[in-house]
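After this come two complexes, each holding chain A, first together with chain B and then together with chain C.
So, the complex of A and B:
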């Protein structure tokens, strides 16, 4: 299932899933406690201790990074880092 | 996961306040005037009420409300769509439209409902709402109700707004930009001339919520759009009766013919009871005063400047510009609560604001100044803060 999602959003001219994942995990580091390594399956609230303020700051950073606008409407569908990357890929190709 | 598990999160957010002895909202045991009340058995100066022109005890407003309640009863008991439209509701709508130089005016039961109604009626699935990141909760909730795509732009950043409009391409014709005249937490105003310029360039629509700027800004008191000279670029102005006009309710004025359909399209307008006659009557009286007595605005600004300068001189960290909302930034919740309690004991009530209600996750002691404050009361509010400077120093060195 996961592989098909990655293939589906592998679009010409846009960074691939793995590249976005790597960069988002780098961007997450300042928001998490020392010793916590953000991963693909990390849950934003349960594992990374995110609150609404951190979510909004991360969204702004990612918007600048990829020159996209992230609608607030997608956030209820985002629980893990993987969910976030999938949503980013959708926005990049739309 | 049970139905009630969600309340654990809310309880956890409240816990820091409970641990510090704050369990519930402040209760005004007795309201003495527009600027004084009794809280916890203590006579206090009110410096956190949004009562910018001090009209809640104006004799004309009280007399108008009293007459209306005697003649028309305590409530309309119905929606504007059914039995809840009285001739006074229509009169107020016309008076608001005339005051703003607009063709259309609509009155809503609260300012919250005004934003819910306008945003959810003007936009829907497939449309885009571009809102300032620091928007009031009523704007966020109206956006959610609309079903439109919701995109935030950075607070008071016209360049960031322009970038987002550019990304939208042809969708800008289906886009409504939403900003506020004065932002309620920090008291800063929107760079509206620049925002209006961006709006014109990209062909979007613009709605300005003048809740905290009606009666406060502009030569005639119409708000920030008037002050900035961009009323022609603003498509919809929303506002409230619960601040400068000293009552409760909301409104929208516009020249856009879409306003003729809003009463049929806005569910928050249709499915709630209309404002009671006494509220409409006191609001009409207050609007007359707002128009006839510009000296109230001058007094408000004198008070605001004096308090801002006094607190700045004491070394408090304040919002970015002098305004009737004077926000005092504090380092942490312990300092915020110690200051807030200290001020109450001194005889000054201000708003204690903690995350997530604050824009940047910090804590605030939010003061709002009134034209009803005497110079002595402003001095007393400043003295209250001065007496607590030690609390701040202790918290900073702890």
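So, the complex of A and C:
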């Protein structure tokens, strides 16, 4: 499943903001309490109760999903899901 | 040309830490072929720094630093990323007569401002004269250095462009400091532990000779941060003092892919690796059955465990799961120590695994005595607490367990642990008052930990000081409380932070905050604001418990009592849980200390 997703991206160029957002929100589901729906404006800490270990797990998944390397120094500027997607887009283009 | 890691087998005879200074230790190690190896986030070798190359590069860098006209003993702040450049600069300071001060390299999501503030405060606290960070961290360091009078602040490249000054190098001597180590955790109230060359070399010799019994063929592996005492002293300086090769993973890469640790140990057949219990647990959580065939851990002879309360159960599970890969549970070795003692105080006997003492928990809390209980007592009859033997104190250590009046206690009596040795710090940098609180005039250091002795084995039962330990990191409640007190709704002295056992035995942080805010949305907003601040600063989750004004418990002298607050909180939780069928977030009373 994951492999076919990657191939799709390679064929079609870089995924757009909406596509990444949808996928990241799907990836976030197992991290949050039942009844919480992760969305664009969710704050990782206040809304989704993230701690540093959860952040690391998520970063690993996203790295594998999109075959990119996410440098640690982008994280300080990330507060919401939207911030995260914007950083991911930058990484995919570069 | 492909890169090759430094060999395990050396070409010079092993000298077990018998040096008087770090430069002397490096000069000897540089005659051999061993050294430091750095691996990237995919487990590939990314840089190799043999001790010989390290010495040459550190000396050349020392000549450049000498041209800056700094006073002897001036402080050089180094953001301690797991990177060869940190090590080069650390040793350049040794040769140039400067004192290196490792600073934390840990940034949390959304935490730019808090990290910059933290670096800023540490630069002020150590009165840094020069500072360095690798490219990844330099933007934060340079922002933190704004407004401070530093002689030079730059990346390794910027330092490389300085001219080498034609001044003969005069390395740090035995009586001078080797480094200043900020005890992990406190950011608002930094404690810079001053360690002399003699102190650290004494401890290194004891670790190498008595603690680990290093022998030819040993090799280290580590994912511990270089700004942590166990990472720096245990896995950078001790291997150097015994001329061992070490393989490093960045802490961040370990946290993301913990199994890399085991792959790396398999690849290079490392024999020694040390970490907090949390590291083993993290690895365990992410292990897959299919990994088991890939790993060969049969060379791993010393799996050190320390830095936080040791819960034996997850470690047993780790051993059980990895037994088919040749992991031997006898390799577990509990140790006890702290930055104020350079690093190590005691090591359990090698090749014996964890030695656990089960004691009567109720008797312990009422009478402060650890009475052994039979392990086959039916459940429910006696509440038993399990503690791990942290071993015999290292040879140059005197250790006493004392009562509140300062009198030494007999075996199995719980008291405060005091230690005396030549590896103890000279004091906290620039803080005489704090130093005098913990160091007596006759050279005893009050660890603030509680424990007892059985047959010369030291068992740690808890802490007298209110420090909280999460994932092997020391967290000072003052830092958490400060985050709350900064809020307009909260006054100074209106917050009390402590830790309680979570459902899986790991510590969870809780902070009781008293305030007048009564509307629900406002309360939720305040809770989230404080939680976010704490996360940005320390990377931990903290449960915020809002209580009405004037309800925080105080001591008889009117001071806030964190231990009373904790007791009240646990009592309330127990009551609430009796009335509710929801899954508990906290263990209702302090049922399990360890195990």
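As a convention for this text, the second predicted complex is superposed on the first by the 82 of 94 C-alpha atoms of A that agree within 3 Å, B and C clash if a C-alpha of one lies under 4 Å from a C-alpha of the other, contacts with A are read in each partner's own complex, and residues count from 1 in each chain.
Everything that follows uses one rule, which is that a contact is a pair of C-beta atoms (placed from the backbone, for glycine too) under 8 Å apart; a residue touches a chain by one contact, two chains touch by 3 or more.
Bear in mind the structure is a predicted one, so any value in this text is a computation, not a measurement.
*Asks:* Sharing chain A, do chain B and chain C clash or fit in the superposition?
*Replies:* With chain A as the common anchor, chain B and chain C collide in the superposed model.
*Asks:* What is the contact status of A:14 with respect to chain B (first) and chain C (second): first, second, both, or neither?
*Replies:* neither
*Asks:* Is A:77 in contact with chain B, with chain C, with both, or with neither (first, second, both, neither)?
*Replies:* Only chain C is touched by A:77; chain B is not.
*Asks:* Per the contact definition in the header, classify A:67: touching chain B only (first), chain C only (second), both, or neither.
*Replies:* The first partner, chain B, only.
*Asks:* Pick one for A:53: touches chain B only (first), chain C only (second), both, or neither.
*Replies:* both
*Asks:* Just chain B (first), just chain C (second), both, or neither: which does A:44 touch?
*Replies:* second
*Asks:* Scan A:23 for contacts with chain B and chain C and give back first, second, both or neither.
*Replies:* A:23 sits against neither chain B nor chain C.
*Asks:* Give the label of whichever partner, chain B or chain C, reaches more residues of chain A.
*Replies:* Looking at chain B versus chain C, the one contacting more residues of chain A is C.
*Asks:* Considering only the stretches 127-135, 361-369, 523-531 or 577-585 of chain C, report the one that runs into chain B.
*Replies:* 127-135
*Asks:* Shared contact residues on chain A for chain B and chain C?
*Replies:* Looking at chain A, the two contact sets intersect at 51-53, 56, 60, 69, 71-73.
*Asks:* Please output the residues of chain B touching chain A within their complex, sorted ascending.
*Replies:* Residue positions touching the partner: 133, 143, 149-152, 154, 164, 167-168, 355-356, 360-361.
*Asks:* Over in the complex, which chain A residues touch chain C? Could you list them?
*Replies:* 43-47, 49-53, 55-57, 59-60, 63, 69, 71-73, 75-79, 83
*Asks:* Considering only the defined contacts, which chain A positions touch chain B in the complex?
*Replies:* 51-53, 56, 60, 67-73
*Asks:* Chain A touches which residues of chain C in the complex?
*Replies:* Residues 41, 107-112, 115, 136-137, 139-140, 252, 255-257, 282, 471, 528-529, 531-532, 535-536, 539-541.
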